[in-house]
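Next come two complexes, and both contain chain A; in the first it sits with chain B, in the second with chain C.
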Partner chain A sequence: MERKLLEIKGLKTYFYTDEGVVAAVDGVDISIRAGETVGIVGESGSGKSVTSLTAMRLTPGKVVEGSITFDGKEILGLSEEEMREIRGNEMAMIFQEPMTSLNPVFTIGDQIGEAVRIHRNYSKAQARARAVEMLKLVGIPRAEQIVDEYPHRLSGGMRQRVMIAMAMACDPKLLIADEPTTALDVTIQAQILDLMSELKASKGTAILLITHDLGVVAEMCDRVVVMYDGRVVEESDVVTLFTHPRHPYTQGLMKSMPTLDSEEKRLYSIKGSVPAQGSLRIGCSFAPRCEHAMAICREQSPPLQEIELGHFSRCFLHASAEGRTGHEPAVH
Partner chain B sequence: MLGYIAKRLLQMIPTLIGVSILCFIIIHSVPGDPANLIAGVDATAEEIQIVKERLGLDRPLYEQYGSYVMGLLQGDMGKSLRSDRPVAEELLTRFPSTIMLTMLSVVVMVLVGLFAGIMSAIRPNSMRDNATMMVSLFGISMPVFWSGIMLILVFSYYLQWLPSGGSTQLKHYILPAIALGLSSSAVLARLTRSSILEVIHQDFIRTARAKGVREKLIIYKHTLKNALIPIITIVGLEFGHLLGGAVLTETVFSMNGIGRYIIQSIQFRDYPAIQGSILFVAAIFVIVNLVVDLCYGAVDPRIRYD
Partner chain C sequence: MNQPFIEVKNLKKYFPIKKGVFSRTAGHVKAVDGVDFSIYKGETLGLVGESGCGKSTTGRLLLQLLAPTEGEVRYEGKNLVGMNTSELRKMRRDMQMVFQDPYASLDPRLTVGDIIAEPLEIHQMARGKEKDRRIDELLNVVGLSSYHAKRYSHEFSGGQRQRIGIARALALNPKLIVADEPVSALDVSIQSQVINLMQDLQEQFDLTYLFIAHDLSVVKHISNRIGVMYLGRIVELADKRELFDSPQHPYTQALLSAVPTPNPLAKKERIVLRGDVPSPANPPAGCTFHPRCPAVMDRCKTVKPVFQNRDGRFVACHLYE
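Presenting the complex of A and B:
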C-alpha cells in the first residue's frame, strides 16, 4: 500500500466561546495518500472546514486531542517556525471566496511570487518570472500584463485561478481546497474543476477537496468522507458511495440530489436541521432526523465500523443487520 | 491626474473666498476698535475719528471688504495696523517656525500613534493593549497647553534638559512638538488599532498565513497597507488640528510663529493681520487635504482620479 501523505487521527478541535465549549471537530480520522483526491462532504457546520484549517494549523479553535502526520512528521508538535515552512510550500490551501481572498493592495505577481520568495529564497525577478509561469499554467491569458495588475481588475473565476496559481507556486504535495467553486458561476465551476484535475494529473498533487456539492465529489474524488456534526459518518471510494451509500445521512444526501429522470414533483430533503453546535452529544447526533432511528441511537453513540473493505459507516443499523446474519464486523 | 490636481486647486478659490468673508464678518463684529488702541487711552473722539478715516475704518463693511479683496487679487495682503509692515512679510518671517513645529508634531504623532496602535492590535484585549488604550484616553483628554506646561515644568525647570521657550534652534522645538504631537498620537493610536483589527480578520490575511508568511510581515505588509486609508485621513485632519494647536503651543512656549502672531493680532484688533493669517492657514489646510487625497491613490490601487 502507498504511504499516507496526510493522516489525521482522532482529531478533536474545540472552540472555547463565551457561551461554552463547541466541539466543531469531534474525533475525526482522515487519510490521504500521495496523488490521491479525497473529498470531505457535509453541510455547513459539519466541521469540514475546521478539519482542513486544523491540518494547516490555521484554526482559531484549540486542538484538544488527536494527531496529524504530514509526510511522516507529526505537525501538531511542530514549532510555529517549522509549520510556516510547510505552509504554502508542501501543503497549500485555496479558499471559498476568491473575491476577498486576495489582498487588494498588492499586485497579482507580488502575491503569487511571495510563496517562492519565502520558501525558495527567489529574487524579485525570479519570483515575478515564476508568477508569470504559474499564471500561464492556470490558463490566464496575457499573463505578462496580468502579473502587474491588482486583483480588483479580475473576475471571480480569474481570481480563483490566481489563488490556484498562488497555492501551486511551490509545487505542494498536498492542496487543500475549501469549497473552491462554491462562490462561482456554474460554467466557471466546471473550468476550475477541470484545471484542478489537469494540475493534479501533471504534478501528482494530492487534493483534499472540501465541498457540499456531491456533483463536484463525483467528478473529482477517488475517496469520499462524509461528515456530520463534527464526526465522520461514512467513508468509502467514490463509486461505492454513490451506488451503495450505507449511512442514512448519506442516503438522504443522495436522495436529495436532483436527477433528470425523476418522476417526483418535489425534491427530497432531509427533515430537520443540523444540531446546534456545542449541544451535548448523547447518542447518534443524526438520530433526531433519521428515518430509521432506534431506541439505542438516542442512548449510545455508534462506532465507525468497516462494513466492507474500505467502506466505513457509523450506524447501529449495520450492527443489527450483521448480528442477524452472523457476520463479524471487520476490524478497522 | 494632473487635471484632477488642477481642478482641486481651482476649487480652492471659492473655499478661500468663503473663509475670508466669514472671517471678515466675525472679526468686525467683535467689540473693540483698533482706532481706539492706536490713538491711545487719552485720545479725544476727534482724534479717534481721524485715525479711523486714515485706516478706512469709517467706510461701510462691504466697501472695506471690496478693497481688501481687490488688494488680495493684486497680491497685496494689506499692512499690519500694529507694525505698519506688510502682512505678507510678517507671515513669511513667522511661517518657517510654525511649519517646522507642525511637521515635527506630525512626526511625533505618527511615530508614537502608529506604533502604539500596532502594539495594541497585535494582542487585542491583553494587558499591553488595555494599558496603551488607557494612556491614549488620557492623552486625548489632556489639553495641549496643560501638557506643554507640565513638560516645561519637568524638562526645563526641574531637569533643565531643554529650553522652555524660543524658536531659533532645533532644541527649542522638541518640547512643543512632543506636547502637540502626543495629544494627536492618542487619537491615531486608537484609530490604528481598530483599523488593523478590522483588516486582520479579512480572508486575504488567512490566505497570506496559508502561504507561510511570517506574522511580522502579516502585520507590517499585508495588514498595515490596507489599514492605511483611515490612518492617512486622520493624519491629514490632525495636520489641520496641529496647525490650530500651534496657536496655543506657541504661546505657552513663547515661540515666534503664526499661532502667537494670530493671538497678538486679535488682542490688538489688527484686522488685516488676522485676515491674512487665517487665510494663510486655511490655504495650507486645503492643500494638505489635496495631498491626503492623492495619497489614497498611492496606497489603494482601486482609487482612481478622473
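Presenting the complex of A and C:
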C-alpha cells in the first residue's frame, strides 16, 4: 500500500457564533494516498466543504482538535508563511463558482502565472509561457490570445478550465476540488470531468473531490467518504459503496435518487430534513430520520467500525449483527 | 389522443440588446426561436436543456408572464396571446407556477398564511373563516401543519419552502402548473420528497404539469413526454421511454451520454461535445447545433432543419429527412 499523502485525524472544526458553537466538523478521519481520488459526499451542512477548507488552512472556523499531516508533515501547527509555501504549490484547490473565483481586474495569464512567480521565482516572461502551456493543457483554444484576456470574456466551462490551469500550474501533489462541476451544464461537466481524469492519469495528482452528485463520484473516485452532520458515516471503495452500502443514510441516499435506468413509479425518500447547524448532538444524528433507529441510537453515538476490510460504517446495526448478516432495508 | 390542453405554435421571444446613450437596438437575443408543442390533459411534459437554451423563457411565455414576440399559446382552444389584462387574469387562475429558488420566491415579510392567502384575495375566492380553512387545508395537502401559517418563510428549510411555494400555486385550484426547476436547489434526500409530493398532487387534483429542469434523471422520472431544447428551439420531443431508449437527435444523444451514472461498474461511451453553446444573440446559420455536432453534413451549415413529426416523435435534424 502506498504512503499516505494527506491524513486527517480526529478533526474538529468549530464555529463560534453569536447563537452558540456550531460543530461543523466533529471528529473526521480521512486519508488520501498519492495518486488516489477520494470523494467526499454529503448534503448541504454536512461539513464536507469545511473539512476540505481546513485541510488547506483556509477556514474561518477554529480547529479545536485533531491533526492534519500532508506529505508526512503536520500542517496545523505551521506558521502562515510556511503554509503559504505549501498552498498553491504542493496542494491546490478549485472552487465551485468559476464565475466568482477569478479576479476580474487581472488577466488570465497573470492569475495562472502568479503561483509559479511566487513558488518558483519565475520571471514575468517565464510565467506567461507557463500560463500558455497550462491553458493548452486544459484544452483552451487560442491560448496565446486568451492568456492576455480578462475572465469576463470566458464562459463558465472555460473559466473552470482556467481555474484548473491555475491550480495545476505548480504540479501539485494534491488537488482539492470543491464541487468543481456543480455550476456547469451536463455537457460541459462531462468535458471538465474528462479533463480532470486525464490530468490525474498524466501527472499522478491525488484528488480530493467534494460533491453532492453520486453520479460524479461513481465516475471519478477510487474511494468514497460519506458525511452526515459533521461526521463520517461510511467509507469504502467506490464499487462496494454503490453495490453494498451499509449505513442507512447511504442506503437512503442511493434509493432516493432517480436514475436514468430505473422505472420505479415512486421514489424512496428519507423522511425529515437535514439537522440544523449547531443543534445539540445526543446519540446518532441520523436517528430521527432513520427507519431502523433503536433505543440505543438516541442515547449513544455509534462508533465508526470497520465492518469489512476497508469498509467503515458508523451504525449500531453492525454491532448487533457482527457486520455480515443482511440489514438491508426492504427495497421500495 | 384527444384534443391538446395546451397548444403552442411557432412561439418566439426576442429580447432586444440595447447599446449607446440612445438605447438603440443593436440586435436581439433569440431566447426562444420558434417552438411548437402540445400538452395533453393530465400529463407531465418535461422540458430539458442546458442554461440559456430558452426553457425557462418558454415556461414564462406559456403563462404570459412575458409577452411573446410571435406565435400562439392556445389554452383549451383559446389563444392567450393578445388577451387583455382582465381576461388574462381570469385565465391565470387555471395556470400557476412553482419557481426554482425557494429562498427568493417567498416574500420574507409575509407569514406563510399570508403568502398562501394572497392568490385567494386577489381572485376573491375566499375570505374570513373560509380563507383560514382553505390555508389549513392547503398546508396539510403539501405535508405541513396548520400552525405553520403563523410563521415566516425564513424559519423553514429549503424543502419546506418549496412545499409552501407549491401550496401557493395550488390555492386557486389550477389545472396547469408550470414548474421551473422546482427541485434543483434541494438536497438529494429532500428532492425525492418534493418529487413524490408533486406526483401525489397530480393524481389527487388531476393536474397537468410542464416540468422544466436540467437534471435528466429527475425529468425522466416525473414526465410522460420530454422535449429537448437547444438554443431556443426544441430539437427532439418524444415519449420518455423512446427518448431515452433511442435518442434520435445528435444533441440528445450527447446530452444523455454526458449524465454521470451512479454505477461505478457501468462503462459507457460518452460523447463529449466540443466547445460551448453559442450565444443566442448570434446563433450559427442553418442548424444551430452544427458547430458542435459529431454527425454534421454540408447541408446543416446552411439549411435550418424542420421540426417534423415521425409517428408521434418529433425531431429537427437533417439526418432523418
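Simple rule for what comes next: the second predicted complex is superposed on the first by the 319 of 332 C-alpha atoms of A that agree within 3 Å, B and C clash if a C-alpha of one lies under 4 Å from a C-alpha of the other, contacts with A are read in each partner's own complex, and residues count from 1 in each chain.
We take it that a contact is a pair of C-beta atoms (placed from the backbone, for glycine too) under 8 Å apart; a residue touches a chain by one contact, two chains touch by 3 or more.
Computed from a predicted structure; not experimentally measured.
For the composite obtained by overlaying on chain A, chain B and chain C can both be accommodated side by side without a clash. In the superposition on chain A, A:His152 makes contact with chain B only, while chain C stays out of contact range.
By the touch criterion defined above, A:Val105 lies against chain B but remains apart from chain C after alignment on the C-alpha atoms of chain A.
When the two complexes are overlaid on their common chain A, residue A:Ile68 makes contact with neither chain B nor chain C. Contacts of A:Met56 after superposition on the shared chain: chain B is touched, whereas chain C is not.
Greater residue coverage of chain A by touch, when chain B is weighed against chain C, goes to C. Using the contact criterion defined above for the overlaid structures, shared-chain residue A:Leu193 touches chain C, although it does not reach chain B. In the superposed model, A:Gly215 lies in contact with chain C only, and not with chain B. In the superposition on chain A, contact of A:Asn89 is made with chain B only, not with chain C. With chain A used as the common frame, chain B approaches chain C to a shortest CA-CA distance of 6 Å. Overlap of the chain B and chain C interfaces on chain A comprises no residues.
On the side of chain B, the complex with chain A involves touching residues 202-204, 206-214, 222, 225-226, 299-302. If you check the complex, the residues on chain A that touch chain C are 43-44, 155, 157-158, 185-191, 193-194, 212-219, 238-239, 242-243, 252-254, 256-262, 264, 266-271, 273-274. Those residues of chain C that touch chain A in the shared complex are 50-51, 157, 159-160, 187-193, 195-196, 199, 214, 216-218, 220-221, 244, 254-266, 270, 272-273, 276-277. Across the interface of their complex, chain B is touched by residues 56, 58, 84-89, 92-93, 95, 97, 100-106, 114-115, 118-119, 150, 152, 163, 166-167 of chain A.
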